[in-house]
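You will see chain A twice below: alongside chain B first, and alongside chain C after that.
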Partner chain A sequence: MTKPLSKPKRKNPIVRTRLPTVPATTRARYTQGITAAAARGVFALQRCEDCSTIQYPPREACANCLSVRLRWREVDGAGELIARTTIRYGFELYFRERAPWPTGIVKLDCGPNVIVGLHQDCAPPPARVRVIAALDKGGQTILIAIPEKDTPSMEDDPILRETTSDPKFRKVLVTDAKSAVGAAVVEALIGAGADYVWAGVAEPWKVSRHLERIRQLPQVTVVPLDVTEETSVRKLAGNIGGKVDILINTAEYHRVENLAHSQGAETARAEMETNYFGLLRLAQWFGPALRSRAADGQSSATAWVNILSIYALSNFPAHSTFSASKAAAYSLSQSLRAAMQPSGIRVINVFPGPIDDEWNQLLLPPKLAPAALAAAVITALKRGIEDVYPGDVAQEWLARFLDNPKALERELAG
Partner chain B sequence: MSGGRRGYDDVVLAAPVTIPYVRFSVRSAHWFLARTLAELIKAAGIRKADIDGMAVSSFSLAPDTAVGFTQHVGLGLRWLEHMPMGGASAILQLRRAARAVESGDANIVACIGGDTNHVDSFRQGVANFSQFARDAVYPYGAGGPNGSFAFLTDYIMRKDNVEPADFGKLCVAQRANASSNPYALLRKPLTLEDYLGSRMIADPIRLFDCVMPCAGADGFLVTRRSIAEKLGLPKVSLLATIERHNAFPDDPIQIRGGWAQDVNELYEQAGCGPGDMDFLQAYDDYPVIVMMQMEDLGFCRKGEAAEFVRRNTFTIDGSLPLNTSGGQLSMGQAGAAGGHLGVVEAIRQLIGQPLTRQIPDTRRGLVSGFGMINYDRGLCTGAAILGNDA
Partner chain C sequence: MSATNPTVLTDLLAHLSTGSVCIVDLTQTLSPDFPAIVLPPEVGQCAPIRIEEISRYDGRGPGWYWNNLSFGEHTGTHFDAPIHWITGRDLPNNATDTIAPERFIAPACVIDCTREAAADPDYLMPVEKITAFEQQHGRIPDGAWVLMRTDWSKRTDPVAYQNMDETGQHTPGPGVDAVRFLIEERDVIGFGTETIGTDAGQAAHLRPPYPCHAMMHGSGRYGLQCLTNLDMLPPTGALIVAPPLKIRQGSGSPLRVIALVTATSL
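Now for the complex of A and B:
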C-alpha cells in the first residue's frame, strides 16, 4: 500500500538541486487526440465509425476493417492486468533517475491491450484495474493502471505524482488574494494541505473583506505584489521566486465594456495591463525559478495556473475588451507552456464562465461561485488536468465552440 | 490454404562468414557489410562480379538501404532485396534468394546482415524502433526490449510454472557452447549460481537473460547446386522453410509465435520431424523466446517447455545441441546480424567447419528467426531446415 507522504524536511542548502529531465516527447501527430482528451482529464481512444472497433496504439486506419474514419471517444478504462515488470534500467535519464519504474500490460474490457505505468497498489496479475490517461512531465499522454477500488493515500504513488501537481506540503503563490476568487483559492489550497501560501496584495490601502478572511490563517503570508508594476514583480521574485512550487495567477481586471457603447482605450488598457502584461511579467520573473526547481525532490516546483475566462475562446461582446485581454493571456499562456515543457512544469489554464462576483452582476445565473472555481483548481492540480472548464456555462460554451466555432461567434453577437 | 509447397531441390547454402564482433565500433554499418562481402568472395573463390544478387539487413545502414549500399561498394546486380525484419531477416533473405536462384533470376546471392554499434546508438535505436514503440512503449520506462520481454516472461512463468533456473539452464548451456568460439564476446564460464545471482534488469528478466548489443556482421551465399559444385564449395541443402507475420493478433499476450501456425507444413516439406533434428539454432534474444520456439516448432507440447528444458542438456556433446556458437547470449547481438548468426552456425556444423566443436554425426538441423517487437509482441517469425549434402 502506498505510504502517505510526510512533510519534507527543510532543504539542505548545500545539496545540489537535481536538474529537470523529461521523458521522450516524440509522438505521431495522429496520436494527439489522446492528449487533447487527457488534458481535460478524459480517457479517450480511437473508435472506428464503421465497425465500432476500439483501437490502440493510435493509428491512421482501423485494424479490423481498414476504415480511416477513426474518432476519439471517451472509453471505460476497466480491464485486467495480465503481466507486469519493473524497469530498473531505463534508456532515458528521466527514468533512470526515477527507477524502479513499474509497468504492465492491461487487456481493456473495451478491446485493446495497453501498456501502462503501474500504480503500486495494483494487485499482482491477473488483477482487475482501472486505466486512466494522464499527462507526463513532457506533457504527453501516458496510461496508468490504478487499483480497481481506491486505496488510502493512493494519490501519493510515485508514478501518479509524476503526472500531478498535488498542493499537499507545497508552497504556493496566489498573485491576487484580495479578490473573491483569490481568497477562495487560498482557502482551498490550505484545505488541500498546502504548506505555505503567499497571498499577493496590490494597493494594500484598499480594504478587502476577502483578504481579511484569510489573513489570519497560520499558513498565509501576505506579500506586496502588483502585477502591473515590473518593479513589484521583480522584487517579489527576488525574495521568494526560488521557493515557489505552484504559482496561481488570480490577478484580474474586469470592467463591463461593450465596444458598441464605449469610447477611449483606458479600460481596455487597464485590462491588458493586468490580464496580459501581468502574466507576461510574472512569466518573465517567476518562470525561470520554477523551471530550475522542477525536479527538486518530493516538493519540487510543479505547476503554474492561469485563471483565464471562457471568453478567451470566443469574444463575448457584452464584455468585449475583457474577452480580448483574456484571449491575449490565453495566447501567451500557450507560449509559457512551451517554455515550461522542457522542465516538466505543468501550465494549467482555467476557463471559467461568469463568476458570481460584482463585475458580473447583470449576467443571469448560473454563475460560478468563487469556491467552486477554487475547488476546480485544486482538482486540476491533484489530477494533473491541463485545461479546465469549470461549471455549466463553461462546459456548454466549450461544447458549442468545439462543435462549431463560427456558430458560437454568431450566437454571441446576439 | 496449406500444403503443396514446392521444395528447394536445386538450392544450396554455402560460404558462412562472420566479421568478428566488437562491443563498440567507430565504423559504420557499411564497413561491416563491405567486409562481409569481401569475406564471402574470398571464401567462395569467386570474383566480385560473380555476385549478381544481394539481400541486406541492417538497422544502422540508415539513411541508406540496400540500394545505396550497392553504389557504396560498386556492385552491379540484377536482383536486390532490403530486409528490415530484425532477427527474422536471415530466414526471410534465404527464402527469397532460394526462389531467385532456382528460377534463374540470379545465380549467386549474397545474404548479409550486420550493424555497427556506437556508444549511445542502441538507445537511439530503441527510442525510434517503430511508430508504435515511440507512441506507446518507450514512454513507459524506456526499458526497450528488456521491458517488452519481461511481460512475456512474467506471464509465461505464471502460466506454465517456469522457474528462473529453467531459463538459466539455457543461458549456462549456451555459454558452455561458446567457450571455444573465438568470435564470442562473452566466453567467461557461467554457472547457474551466477545466473540466479545476477541483478534484475526488468523483473523477471535478469542481466544474463539479456544479449549484449555489439557491432559485427554475418553472411552466406545462396546459389544453385550446379554452381556450388563447379566452384567446389562445401554446401548444405535447404529442406524446408516457413515465415509468418503478425500471427495470432487476438492472443492478449504473445504466448506463441507464427511458427505454431506453419510448423506442420515445415516438417511436411522437409519429410522429417522435430525428433530428426540434430541441433536447434533458435533465436535467443531472451531465453523465454527460445522456449517458445521449442514448443511452437514441435520439440515439446505447448506449455511444457520447462519440463523439456529439464530433460535435455543443449550442449554440443549432449541432447539437442542448442545455439552451438553460443548464440547471441554469448556472441553478442550485432543488430540485424542476430538472425544470421544461427544460419551461418548451422551451415558450419553441416559442412563440418564449426567455429567451436563439431556436433557428432550431424545430418540436419533447424534454424529459427524472430524479429520486430513493434508494440507488445514480435511480429516476424521464420524457420528453415537445413541438411548436409552428403
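Now for the complex of A and C:
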C-alpha cells in the first residue's frame, strides 16, 4: 500500500539543491496524438479507420492492414497486467536519479499490449488494472497502470507524483485573491492540503468581500502584488520567489468591449496590462525561481497555472478586447512552457467559458461558478493535466474549435 | 519687459540663500505606491503611475539608467484645469497648455480643518469656517489659493488615505456654500486639498454633485490635490508655485508644487 505523504522536514540549508533533470523531450511527430490527448487528461490511441484495429505504439500506418487512415480516439484504459519487472538502472540522468522503476505490460481490453509504469499498489500479474496516459516531466506521454479500484493515498505513489503537481503540503502563490475566482482558488487549495497560500492583493484600498472571506484562514498570508507594476512583482519575487512551489495566476482585468461600439484603446490597454503584461512580468521574475527548485525534494516547485479563457482560442466579439488579451496571454504561456520545459515545471492553462461574475451578467447560463473553476484547477494539478477546459461552454467551444476553427469564427460573429 | 528694477529678484535670491525665505515642498512622491483615484469600474479609468526601467547600467544600456513613465493626468499631486469638468469645457484658456503662466504663482491661505477632519472623515467645510479664518487672519485676497489643511497626507497607509467602505470614499472636502462663497465673494484662483480630490469623498451626493469641480472649473478656477506638508505653511503669506506640465489640451497634470515662505511667518 502507498505510504501517505507526510509533511516534509525542513530543508537542510547546507546541502546543495538538486538540479532538475527531465526525460527525453523529443518524440516523432506521428506519436504526438497521444500527448495532445494526455494534455487534456484523456487516454487516446490510434484506431484504423479501415480495419478498426487499435494499435500501440503509434505508427505511421496500421500494423494490421497497412492503411494510413489512422485516427486518434479516446480509449478505455481497462486491461490486465500480464507481466512486471523492476528497472533498477537507467542511462539517462532523470531515470538514474529516480530508479528503481516498477514497469509492466498490460493487455488492454480494447486490443493492444502497452508498456506501463506501475503504480506500487497494483497486484502482481495477472491483475486487473486501469491504464492512464500522463505527461512526464519532459512533457511527453507515459502510460501508467493504476489499481482497478482506488486505494488509500494512491495519489502519493512515486510514479504518479512524477507526473502530477498535487498541492498537498505545498506552498502556493495566488496572484490575485480579491476576485471571486482568486478567493475560490485559495479555498480549494486549502481544502486540497496546501501548506501555505500567499494571497496577492493589488489596490488594497478597494474592499473585496471575497478577500475578507479568506484572509483570516490560518494558511493564508496576504501579500501586496500588482501584476501591472514591475517593482511590485520584483519585490514579491525577491521575498518569496524561492519558496513558491505552485504559482496560480488569477489576475484578470475584464471589461465588456465590443469592437463594434467601443471607443478608444484605454480599456483594452488596461486588459493587456493585467492579462498579458502581468503574465510577462510574473514569468520574468518568478519563472527563474521556480525553475531552480524543480527537483527540490518532496515539495519541490512543480507547476504554474494560468487562468486564461476559452475566448483565447477564438475571439468572442461581444468581449472583443478581453478575448484578444487572453489570446496574447495564451501565446505567451506557450513560450513560458518552452522556458519551463528543461526544469519539468508544468505550465497548466485553464480555458474557462464565461464565469458567473459581474462582467458576464448579461450572458445566459450555463456560466461557470468560481468554485467549479477552482475545483478544475485542483483536479488539473492532481492529475497532471496541462490544458483544462472546465465546464460545458468551454467543452462545447473546444469541440467546435477542434472540428472547424473557421466555422467557430463565423458562428461567434453571428 | 524692462530690467530697470532687478533688485526684487536679487533680493529674493539673497533671502533664499540666507534662509529668510524657505521653500516648502507640497508634493507627494510620484510613485506607483501612491493611491490612485477610484471610479466605478464600468467607466473609463485613470491609468495608474507606472515607472518601468529602460536600462540600469546593464545589458539594456550599459552606461545609463532611465525609465519610461506612464500615468493619467490626475495622478499623484496634481493640478486640475477648468477643462477637466464639463462645466468648464467652453471657457477660454481652460487647459494646461493655454492657461497664462502668470497664473502659476499665487498667494495661499491655509485653513486648518485638522480637528474637524479627525473627528469626521466626511467633514464638509462650511462658510463659517472661512469667515472665522478671516476674522483671525484677515480677508482672503483676490486671486489666492485656498488650501484646506486636514493633515490627511499624514495617512501614509494607502488604505487609511483612501478610507473606503461599501458606500465609497470618506474624505473631507469643501461644502457647497463654501465653494460658492470662495468664487463669488472672494474670487480665489483655486482650491487645494490633501486628499485625492478637491471634493469630499461623498461629494457625489451633494447638490450640485462634486461642487468644487463643477463650480470652480465652471468659473475658470483650478484645483490642486494630494498636497502634503500644508502643516508647514503659515495661514497666510505663502507664495505657491504650481505650473502644470504643458500638455496639449491637458485637463490636468501631476506637478511639483512648492511654497515660498518667509522664515518669520513660520
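The rule we apply is simple: the second predicted complex is superposed on the first by the 414 of 414 C-alpha atoms of A that agree within 3 Å, B and C clash if a C-alpha of one lies under 4 Å from a C-alpha of the other, contacts with A are read in each partner's own complex, and residues count from 1 in each chain.
Here is the rule we use: a contact is a pair of C-beta atoms (placed from the backbone, for glycine too) under 8 Å apart; a residue touches a chain by one contact, two chains touch by 3 or more.
Remember, it's a predicted structure, so these values are computed and weren't measured experimentally.
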Which of chain B and chain C A:R84 touches, first, second, both or neither: first
Which superposed partner A:I115 touches (first chain B, second chain C, both, neither): first
Which of chain B and chain C A:V68 touches, first, second, both or neither: neither
Partner chain in contact with A:Q140 - chain B first, chain C second, else both or neither: first
Touched partner set for A:E203, first chain B, second chain C, both or neither: second
Contacts of A:A123 with chain B and chain C, given as first, second, both or neither: neither
Contacts of A:E230 with chain B and chain C, given as first, second, both or neither: second
Touched partner set for A:T267, first chain B, second chain C, both or neither: second
Partner with the higher number of touched chain A residues, chain C or chain B: B
Residues of chain B touching chain A in the complex: 122-123, 126-128, 131-132, 134-144, 146-147, 150-152, 154-155, 158, 199-205, 249, 252-253, 375-376
Residue numbers on chain A that touch chain B, as the complex places them: 23-24, 26-28, 31, 56-58, 63, 82-92, 94-95, 101, 103-105, 107, 113-117, 125, 136, 138, 140, 142
For the chain C and chain A complex, residues of the former touching the latter: 32, 35-36, 38, 41-42, 44-45, 47-48, 50-53, 158-159, 161-166
Chain C contact footprint on chain A (complex, rising order): 203-207, 226, 228-232, 255, 264, 266-267, 269-270
